[in-house]
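Heads up, the next two complexes both have chain A, just with different partners, chain B and then chain C.
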Partner chain A sequence: MGLSSLLGRLATDAPVAVTVVAGADAGDVAPDLCLRPEVSLVTGPRQAEVLLLAGTCTDDLLRAALAAHDAIPPPRIVLAWRAAPGDVVSAAFPGVERCEDEDPVPTLRRIAAELRTGQRPSSPLRGAPTARSAWRGVGPFGQGGRGRRGGEPYGRPLARRETARDGLLIDALEVPVGPLQTGVPDGFTGTITFHGDLVARLEVGRNPFLSPHLTGCQPAFLRSLEHPVAVEELELERARALLRAVAWTLRVHGLVSLGERVLRLAAGLRPQDQDQVVRLRRFVTRWAVSGGQLRRVGVIDPALLAGRSLGPLARAAGLTEDLRAEDPAYLALGFELANEAANNDAAGRLRQRLMETEQALQLAQRAGPEAVRAPGPVEGPRGVIRAGSAPADRLEPLLPQLVVGLGWQDVAGLLASLDLDRREAAWVAATTSPASGARR
Partner chain B sequence: MSTLRTVALSVVLLGGLMVVGAYLHAVFDRVIGGAVAGSGPRVGTALVGPLRRAAQLMVAAPGVTERPDRVANAAAPALMAGLAAVALATVPFSPDLIVADTSTGFVLYSAAVGFVMVAVFLHGWGPNSPFALHGAYRYPAQSLSLQVPFLTAMLATTLPAESLQISEIVRSQEELWNVVRQPLGLPIYLLVGLGVPSWGPLNLPDGEDVAGGTTAEHGGIGLLLWKAAEAAMLVAVAAMGVAAFLGGWWGPGGASVVWTALKTIVLLALLVGSRHLVARLPLERLIVACWVVLLPLALINLVIAGVWLL
Partner chain C sequence: MTVSTGVDGDAVTGLATYGAALAVFAAALAAVMVLRWAGTAITEVPLEEHAQVPFTGGEPPRFHAWNRYHVRYYVMTLMFLAFDLEMVYMYPWAVVFAREGLVAFVEMGMFAAILMLGVVYAWRERGLTWA
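Take a look at the complex of A and B:
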C-alpha cells in the first residue's frame, strides 16, 4: 500500500471535524455533539471540514456562517439540519446538504466520507462580507498614505488615537467579537475597543438569534409562563441548564474533558444523581480551579445586580432573590433559598451553580411527577423569565460598565461566569410578542 | 566519513525520538482526557486516534488568512521543532547515548528554552489576525517570568555535579537523586516547565478565551507540525527533568537507557495529564506567582544545594 493511500484511509476514519452554527431552536446540538466520539467539535473553522447549520438561521447568523464557511480550508461542505424549508440557507449555500433526522451524526459521517474520498465536490467560496479588499490610500485614486499616515489598509481603518486613562495618547484598537467565537457566549456580538491590552469600551451588538418563527420544542420554562408544568420537569431542566453553564465555564478555562464529563452527566441527568453533583463540586472547587484561577475574576457590585432578578448570579452576590420562595408549589416542597456561597466572583458563581444543581435535583426528587406549578413568571436557571423579559435582556445593559479597564482574559472569565443565554432571550421574544423578532 | 555517520545517526535518533515522543504525548492526552471525560476505556481509539487526526491534517489544505506573513507561518513550526531537537540533543539517555554531550549542556538547553519565545511569537504573528496576535503577545510575558525560576531550579543541580555538563549532573546522582537532595527543585521545574511549550494550565497563548489564540487560524499540515513540535518540546522538558532531578539513567541494577525511558514516560504522562485536571491560570497571577513565590523558592533551593555541598 502506498503512503498516500494509507494516509487517505487513516484520514477517512478520523472523526468528522465540525463547526456549528446553531439557531435558537437548536441550542442543544453543540453540547450533544460534544459527547459523540464520531464527531470532533473544533475550536474554530480553520480546523473544521463540515459547517453544520442547525435550526433557524437568521440573517445575522447567516453572515457569520458565510464567514465561517469561507474560513474552512477546502474541501469543505455544509449540512443544514432541521432548517426550515425555504429558509435563507438554501439561497446562501446552493447545493447544501439537508437532513431532517433525529440525529445528524450519520449524515455528517456520510457526507464527510464522500468529501474525503472526492465523491463530493468542495463547497465553493461564498464571498464572505469579510473578504479582502485592496489597499485604499488617502489620495483620490487610493494612492499614498502607507504606514502611519492614514488610509484604509485592505478595507480596515487604521487605529485611531485616543486618550487613555492615564491621559496619554494611545492607539484604540477595535476588535469585533462573536457571534461564533470560542471563549465568548454563543451568539454574543459586539465591538471591543482595546487600549493596549485593556478594554476601554464595549458596544454590545444585537442578538443574532432573534427570529419571529422559531420552530421545534419550546423549552419547559417558556411553556410554564402560560401552562402548568410539573415541578420535576422544571427542576431537572434547571439542573441541566446549570450543569451546561458549569461545563461551558470549565471549557473556557481549558478543562475541555472535564467539561465533557459534566455535559455527559447533564445529558442523562436523573434526580438520583445528587451524589455525582456533590463529587463534581468538591473536585472542581477543591482541585481543578483551586489555584485561584477564578478568584476575584468578574466581581460585580451587588448594587448593580439588585432588582434585576438574575438568579444564581444575584444569589452568588448575596442577594436573596428567588421567585420560588413565594411559589406555593415550591413552599410545599420545603424550598429554601440557597445562597450560602456569597462569593461574588467567578469562583463563587461556579460554586453557587453547582449547589443550585444539587438543590434542583433534591426538589425534583421530592416533587415527583404530581406536583405542578401554576402558570406565570418563573425563576429560570439564569433568573426570572417574564413575558417580554429574559435574564439576558436585563444583564446585557450592565456589560459595558463591567468590562471597562479589564484585560481580555478577565473579560472572557467574566463572560463565562455570567451564563448569558441569548437563545433563551430569543425564545422569550418569539413566544411572548410574535412581532418582536426584529427588535434590538 | 565517521563524522558523517555520527551526524546521520544523531539526526535519525533525534527525529525518531521527537516523532515517538509526540505520538506518546497524543496517546496520553487521549487516554487521560477520555478517563476524565468519562467516555469509557477506548485504548484502541487512543492508539489509532492520533494517527487518524495527523493523516486528516496532512491531507487537509491549510487555511489562508488575509495578508498572512508566509515566512513566519512556515518558520514557526520549523524553529519550534529545531529547538525541541536541540533541547533533546542535550539530554543524556545512557552513559554512551548522548547526542550533544558538551561541557556547557546546561547553557545550550537554556538557550533552546529561551528561543521558544521567538517561535511562539512568529506563530501568532503569521496569520495577521487579532486574537492570534493577542495570544502571541501573552507568551513573552509568560515565558520571561517563568524561565527565571525554571532555570534557577535547574541550575541548583549543577552544584553537586560541579559541572554544567548534563551527563555529569546525572553521574553526580548515583548515590542520591537530586529530587531528594533538592526537594523544591523538581516541583518548580515541572510547574513552570509546562509553560515552555505552553501546555495545560499554562497554555495561555492558545487559550479558548482568545478563540484558540496563536493556533486559531492555522490548519492542515502547518498545524500538525506545530502541535508535534510543541509536543516534542514537552518531551524534552520531561526528559531533562529526569536527567536533572530523577537520577537519569540510574536505577536498580545499574545504569540503563530503560530507566531514562521509563522515568521520562511517567513524567510526560504527569505533565500531559495536568491539562485535564487543572484549569488555566490567569496570566497576571502566573507572573506574580513566578516572581514572588517561585523565584524566592528557587533561590532557597539553590542555597540548600550549596549548603549540602559544604
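Take a look at the complex of A and C:
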C-alpha cells in the first residue's frame, strides 16, 4: 500500500506532457505553456499524454488532431480549452473534458493525475486514417515479386522515380507536411518532395486556421484597422510578437533554453525593458547564433521581396518600406526607419527583429497612454496588414522558389526566419470579410 | 608417465578456461533474457497500429518510406579515398624508391595520375568548395 501510494504521488507530481492543437484565436497558448514548470510542452504526440485542443478548431485542424490523438500512446486524454460548445470537437471526441477557465494548467494537472492513477480511462482510438493496411505482396520483402519496384508494403506505394538536378535517377519522396509538423511554423501545410536530402518541390497547402467565426479576443493590430488604438499598445504588441519570432528561431536552431528566456522576457514585457533587449541582441548576435548557424542560411533576393510590404523581412534585405514613416502619430514621436541591410540572411533578420523590438519599446515609452493612431492599414510585426491582405498571404507565393535545393535543416531555418504567421492571416480573413471590404 | 600427466593437466586447464568462458557467456545470455522479459513485463503497453506509422503533422504518409536515398557526401568519400590510398602506398613506396630510383618514381607518378582523375572529378562536383 505504501509503495503504490508513493508511486501515485510521484506520478501526479511529474510535469504533464502536453501536445497542443491551437486555433487562430488561441495562438498564445503554446508560448505561455512553455513557461509553466507544471507542464512539459512536447514536440509531438508520441511523447504526449494530453492532447490540448485550444480555441476554434476548424475541420483541417480536427483531422490533424484526430491523427495526433491516435498517435499518442495510451493512456491518453483530450482537453478542449475555450472551444465553442457544440462544435466539431464534441462530435469528434465524445465525452471530451472541457475547460473555460483563464488558465488551463490546473485542469490539465487534475485530469493527468486522474489518468495516471487509473481513476479515468484512456481515451479510445478515434480511427484516424493513418492506420496502416496489411503488408501486401508476394516477394520475400513484400515487394510484389517483380523487382524492388512492385508491390505496396503496408498498403503504401513505393516512391516514384525522377531525374534529380545532377542527372541522377532517384526516388522522389513526397512528404505531406500537416498543420502539426514539428520544426515548421504552426499551421504550415503542404507537400515537400525530396530528392535524397534536398527539396525538389514545395506545394503550399491551405491555411488550416481559416474560419469565418473566430471567438477570442481580437489582436490589437486587427482592431487597429477599423478603430483608433493607442500607439503604446500597438508597439508593445509588436515587441512581443518580434521577441516570440526570435524565441522560435532560437528554438529551431537548438537553443531551447535561451529561447525560453526570450519567451519569458516577451511574456512580461514593459517599455522599460529596453536594456534587456539590448543585452539580448548583443548576446545573440555576438556569441550564440550569428557566429555560425544562421549565417548564409535562407538568403533571399531583395528583388523578390520588393513591393510586398513584408516588414522586418524587407527591411533586413535593405528595402525602406514602413507604413509608420508616413503615419502622423508616429512622425510626432520622432519615428526613424531602422534598417539592418548588412546581410540578407537568417542572422540579419534576427538582428533586424531585435533592433525593431528595441525601437518598438522606445516608441511605446515615448508615446505614453494618450497617443492614438487613426484607423487604417497598419504596419504589423510581420508587414503591412490591410483589409483582406495579411503578410502571410503575400509571403506564401514566394516559398516554393525559396526552398528548392535546400536541405531540411535549412528549410526549417528559413521558415523560422520568415516568421510566417497563418493565424494572423486567418484573423485578417475573418475580420475583413468581402462585405466589410465593400463597405470601405 | 610424467609427460602424459603433464598433457592431462594441460587439457584440464584448457577445459577449465573454456568452462569459465562458457559460464560467462551463459550468465550474459541469462541476464539479457531476464532484462528483456522484465522490460516487456513491466511496460505492458502494446504499441497500437496507429503508433507504428510515421506522424507527419496530421496527414497520412502517401508513399512507403522505403526508398533509395541520394548519398550526397559521396564526393567527400571520394576525396578521402583518393588521398588516403595515396598515403597508404607512399610509405612502402618510399623504401622501394631508395632502391629502384627513377623507375619507381615514374610508376608512382602513373598511380598518382590515376588517383588525380578522382580528385578532378570531385573538383567538378564542387567537392572542394567549402560548405
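In this text, the second predicted complex is superposed on the first by the 404 of 440 C-alpha atoms of A that agree within 3 Å, B and C clash if a C-alpha of one lies under 4 Å from a C-alpha of the other, contacts with A are read in each partner's own complex, and residues count from 1 in each chain.
The rule is simple: a contact is a pair of C-beta atoms (placed from the backbone, for glycine too) under 8 Å apart; a residue touches a chain by one contact, two chains touch by 3 or more.
Please read all numbers here as calculations on a predicted model, not as lab measurements.
When the two complexes are overlaid on their common chain A, residue A:37 makes contact with chain B while staying clear of chain C. When the two structures are aligned on the shared chain, A:413 is found in touch with chain B, with no touch to chain C.
Contact with neither chain B nor chain C is seen for A:106 once the two complexes are overlaid on the shared chain. In the superposition on chain A, contact of A:17 is made with chain B only, not with chain C. With both structures placed on the common chain, the touch criterion links A:118 to neither chain B nor chain C. By the document's definition of touching, of the two partners only chain C reaches A:195; chain B does not.
Once the two complexes are overlaid on the shared chain, A:388 sits clear of chain B and of chain C alike. Of the two partner chains placed by the overlay, chain B and chain C both lie in contact with A:181.
When the two structures are aligned on the shared chain, A:376 is found in touch with neither chain B nor chain C. In the superposition on chain A, the chain among chain B and chain C reaching more residues of chain A is B. Shared contact residues on chain A (touching chain B in one structure, chain C in the other): 44-46, 71, 73-74, 130, 132, 154, 173, 175, 181-182, 197. Contact residues on chain A toward chain C in their complex (touch as defined above): 44-46, 63-65, 67-68, 70-71, 73-74, 125, 128-132, 152-154, 156-160, 164, 166, 168, 170-171, 173-182, 184, 189, 195-198, 296.
Of all the residues in chain B, the ones that touch chain A in their complex are 32-34, 36-39, 42, 45, 48, 51-56, 58-64, 66-67, 130-131, 134, 137, 200-201, 203-204, 207-212, 215-220, 223, 275-285. Only residues 45, 47-53, 55-72, 125, 131 of chain C touch chain A when the two sit together in their complex. Taken together, the chain A residues at the contact with chain B in this complex read 6-11, 13-15, 17, 35, 37, 43-47, 49, 71-75, 116, 130, 132, 154, 173, 175, 181-183, 197, 250-258, 260-261, 264, 287-289, 291-294, 297, 407-410, 412-413, 416.
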